[in-house]
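Same chain, two partners: subunit A is paired with subunit B first, then with subunit C.
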Partner chain A sequence: MTAVKIKNVNKIYERGNVHAVQNLNLDIKDGEFVALLGPSGCGKTSTLRMIVGLETISSGIIQFDDVIVNDLTPEQRNVAMAFESYALYPNLSIAENLAFPLEVRGIPLEERTMEVNRIAEMLQISELLNQRPGQLSGGQQQRVSLGRALIREPAVFILDEVLSHLDAHLKFQMLFELKKIHNSLGKTMVYVTHDQMEALALADRVAVMANAKLQQFANRNELYHRPVNRFVADFIGEPSTNFLKARVCTIEQKIVLEVNENLNFYPDLRRQELINEKGLEEVIIGVRPQYLTLQDGTGKESLTAEVLINEYLGERNILEVKNGSDRFRAVVPPECRAIQGDMVKLFYEPNHVLAFDPQTEVCLL
Partner chain B sequence: MDSATNRLIRYLFLSFLAIWLVFTIFPLYFQFITSLKPVAEINSMVPTFWPETMRPENYSGIFADPGSLKSLIDSLIVSIANTLLSLFLGTLAGYALARFIRGFAGENIAMWILSNRMFPPVAVIIPMFFLFDATPWGTDSYFSLITLYLVFNLPLATWLMMVFFRDAPRELEEAAYLDGFTPLQTFFKVTLPLVFPGMVSVAMLCWIFAWNEYLFANLMTGTTVKTFPVHIPSFTSGSQTLWNLVMAFSMVAMLPPVLLFIFLRRYMVRGLSLGVVKG
Partner chain C sequence: MSLKAESVSPDWFKHKRADKNLIVNPVIPWLMIGFPVLILVAIVIYPTIWMGYHAFQNTNMMKLFYQDWEYIGWQNFATVLSDDRMWDSVGRLIQYLIFGACLEVLLGTILALTLFELVKSQLARVIILILLVLPMMLPPSIVATLWKFLLQAYNGAVNHLLIKIGILGPMERIEWLDAGLSLWSLTMVDVWQWTALPLLIVYSGRVSLPPAIYEAAKVDGASQFMVLRRLTLPLLKEIIAIAFIIRFMDAYKFVDKVYVMTSGGPAQSSELPVFIAFQKGIREVEIGEAAAYAWIIFAVAMVLITLFLKYLKKVLKAQTFA
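And now, the complex of A and B:
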């Protein structure tokens, strides 16, 4: 049981002079499941490797509870890691692979066998124990690699893109399994991924990284409803947020965001105040497609748009619409039969209209 | 392409292979039958393609000279010792180059090491003689040949092992560190098994070079130490070369590498194709 504190950590690669992680601060609580989320090259893997001890820390400190681990070896830190490429020892059988970390620690054979069987049962790989890694499918290898990490009692679990090579069906199954494992073990887990769906599904809190910097560290609700900047708003959510440039106008003492002469957005009072305080003349509006609906309701505002594409996705449709030269998307029920050229009326709640400063791209919250 | 042309190309290809086969097998065949002929038949004007009189005694005849067996043993000592040294040093150096010295400098050092293998050995043969003459062991010793062959084998071993180590996934080593292995344990228990087929083929290449080397052995040694290539020309009677004995002795000397290759073929093929197909 370990809390991980990352304080002002920097990673600079001398070769190529790359500042891969800039002034990172993360406070991971004991037993928490945290996801590091970001596009490739955002510094999440460097961060993870610094936590594990496979990469030196250029400056700053990393603490496990109250112990500074900067100069400790991976073994001394007692971390377990599952690799993206599985990293199973090809010359050892599955059972030997699983028992490897125990063998290193000098645990007697009997106990090792017991543990291997226990883990194998939990991950449903019992029938594979005598095979070699080369004979296994990707999903099976992935489970073995997880098993090898789980078999000992590490302070922290690190999972590096462990689901990225699995097919969609198996991925869902493993997501569920992972969550179950975390719930039953109650260990601190750090999960690295570029897939926001995985991150949001698994983690108690998600650290969104981009361009070597931490953007936001919050739970899924916060990330979804109160993104700190345009990047987070764009990266979190599927389909991604609609962004529209708008002019700030005042009509009857109310602030109206004019995208074009036929398209106005009406933000809620708090945002009106914020826009006023900042004295902005232009803003970037962000509206999630999920919040543009065909359903009217009390307090909702509306807009009209012309349908370009009605994309049928089974349990929902995505409408690609335009108003003037501005295009955006809306999620509608699958019954929607609108076709190209139809005019639709879309409704939204004013508090779902996000506004971003066009210079800094910071969200007005 | 229609099937007729296809077939034609196939036949052309096969006949080329057949010619190639005759081209490579014939000298061996001729060596074999010569080793079984009496001297008179070898010297006849019209060569025979199968011995008219069989003389298998040639094979026992070569060992009438005690120097024959000793030369084979000398060759074994020199080639095995040199192979083990080349492999040991080459593996360590290859690992260091693959893992620790990266980028531009690493490439240059590695290339420089390999380039040592590329210059013509004759260019240094005289300096080498004087160099070894100055050592306490002199030129005519196991030491001189074992270390001298390192000059040729070590660059090759280092370079090849470096390539094999580069292809061995680094994650496996990192996983072993996390599992609690020290770097040295990781090297021996995780990394080495991965490159083992490569090591076997490197060992074969080094061993065959050391086993067959004639030029330096002839110049440096000959009395205390006499490897078999140097011993071969000694099968003479007066001014006459006893070709049947020369061929019989060569056949015997060919056996170890051929047998070794047959037994280690599996590793050789895997080792030599290591890094060719990725994934």
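And now, the complex of A and C:
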């Protein structure tokens, strides 16, 4: 059981002089499932490799509980890692692959066999034990790779994009299994992914990274409803948030955000105050397509827009609409039959209108 | 804008397709294939048949001159197989295979893995590889001539060096190309020249192994030795075997350095089977016996190569699963 503390960690690659991770601070609690989420090249894999000990730390401190692990080998840190490319040993059978971490620790054969059988049963790969990695499908290899990480009760589990090569169906199944494994073991897990769906589904808290910097480290509710900046608002959520440039106007002592002459947004009182405090003349509005609905309700504001595309996705439709020259999207029920050229009336709650400072792109919270 | 069917393909395309000049006289392909085939028949196929025929005749220089050889059945083969000179040379071939080919592969493997593990800079690696591979780039006859000079008992650079560093006394000499040492010297020179080949093969094999499994092994806590024993060597097993097969096939026809450095001597002490066949046929013009020699060598080579090919097939089959 281990808490991982990352304090002011930097990673600079000498070759190419790339500052891959800048002043990273993360405080991962004991037994927590944390996801590192970000687009490719954001430094998440560098961070993870520094936690594992496969990469040196340019500056800063990584602690496991109270021990500084900067100069310890992966073995001394007692971490287990599942690799994106599985990294199974191609010349060893599945059973030998699973037993390898035990073999290097000199555990006798009978004990190894017992452990292998236990893990294989848990991951439902018992029938594959005598095969070679090359004979297995991607999903099976991934489970073996997980099994090899799980077999030796490490302090921290590190999972590097482990689901990215699986097809959608298998991915869903593995998500469920991973969550189950975490619940039953209660170990600290760090999971790296570029897929926000995986991160939100699995993790207790998600660390969103971009451009070598940590953007926000919070649970999914925070990320979704209170993103710190435009990047997080854009990256989290599918379809992604609508962003519209708006002028700040005051009508009857209320602040109104005017996108164009036909399209106004009415933010809630707290945001009105914030905009007032900052004295902004322009803001960027962020509204999630999920919060633009066809249903009216108490306290809801409305807007009209012309339908461009009605994309049918089975359990929901995505409407691509425009008002003047401003385009945005809304999520509507699949029964919606609006076609191109139709005018629709969309409703939103004022507290779902996010406002960003146009210069810093920081969210006004 | 009208799109007619015949105007679909652009001009450059039509031009390429309908170039009348490309239609050639049907004789030309026959001529082009025919000449190489004729040359092949003249220098390979005809002599092979001729050799097959004379293996069963008592042909020697005089009989060849007067064209009056006669059929003597398997007698040439009996002569060859009962000759101590041949069996001695087989013994030497085995000695050479063990201490030449095997040592080359062993040294090459050790050097390749050491180079990969210890030298991390890409530039340094390339420079070291080029230096190590240089001897292999020289023609064998040049290497042999060079080493013949270096190994001269008197005035040879090697002995001179040994005297300089005090291993030999000022008046002592090692007769490198004398009866006792000549085959060892030949083997040493061959190792000097050809260790680079297994080195290159094993090195490229090691480079192509996925780095992720080494990281996985590191995370799993495996020691360097464990990684070498359980992963690197088993994964390179087939590649090392192929390097050995290549060196073995070369060693089997090892004749160039023998010819230049010792001519099989002194007193036939460094002769190898192929060299004897050459000696019999070209020097002594014992055509019948030399032909029988060649057949025996050919038959043994066939058996060995068949075994190797079988092994290679197994390797390829295994690789499709790996």
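As a convention for this text, the second predicted complex is superposed on the first by the 365 of 365 C-alpha atoms of A that agree within 3 Å, B and C clash if a C-alpha of one lies under 4 Å from a C-alpha of the other, contacts with A are read in each partner's own complex, and residues count from 1 in each chain.
In this section, a contact is a pair of C-beta atoms (placed from the backbone, for glycine too) under 8 Å apart; a residue touches a chain by one contact, two chains touch by 3 or more.
Everything numeric in this text was worked out from a predicted model, so none of it was measured.
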>> For the combined arrangement obtained by superposing on subunit A, do subunit B and subunit C clash, or do they fit?
In response: clash
>> Going by the contact rule stated at the top, is it subunit B or subunit C that touches a larger number of residues on subunit A?
In response: C
>> Just checking: does A:135 make contact with subunit B only, subunit C only, both, or neither of them? Give me first, second, both or neither.
In response: second
>> Let me test your reading of the model: by the given contact rule, A:15 touches which partner, first (subunit B), second (subunit C), both or neither?
In response: first
> If you stack the two complexes on chain A, which partner ends up touching A:289: first (subunit B), second (subunit C), both, or neither?
Replying inline: neither
>> Under the stated touch criterion, which partner chain does A:104 make contact with: subunit B (first), subunit C (second), both, or neither?
In response: both
>> In the overlaid three-chain picture, which partner chain does A:147 touch, first (subunit B) or second (subunit C), both, or neither?
In response: neither
> Touching A:43 in the superposition: subunit B (first), subunit C (second), both, neither?
Replying inline: neither
> Looking at the overlay, does A:83 come into contact with subunit B only (first), subunit C only (second), both, or neither?
Replying inline: both
>> Residues of subunit A that sit at the subunit B interface in one complex and at the subunit C interface in the other, please.
In response: 52-54, 73-75, 79-81, 83, 85, 87, 89-91, 100-101, 104-105, 148
> Which residues, counting only subunit C, touch subunit A once they are in their complex?
Replying inline: 210, 212-213, 215-223, 226, 230-231, 234-235, 320-322
> Which subunit A residues qualify as touching subunit C in the complex?
Replying inline: 52-54, 73-75, 79-81, 83, 85-92, 100-101, 103-105, 132, 134-135, 148, 152
> Which of the residues in subunit A come into contact with subunit B in the complex?
Replying inline: 15, 52-54, 73-75, 79-81, 83, 85, 87, 89-91, 100-101, 104-105, 148
>> Give the list of subunit B residues in touch with subunit A in this complex.
In response: 102-103, 169, 171-172, 174-181, 185, 190, 193-194
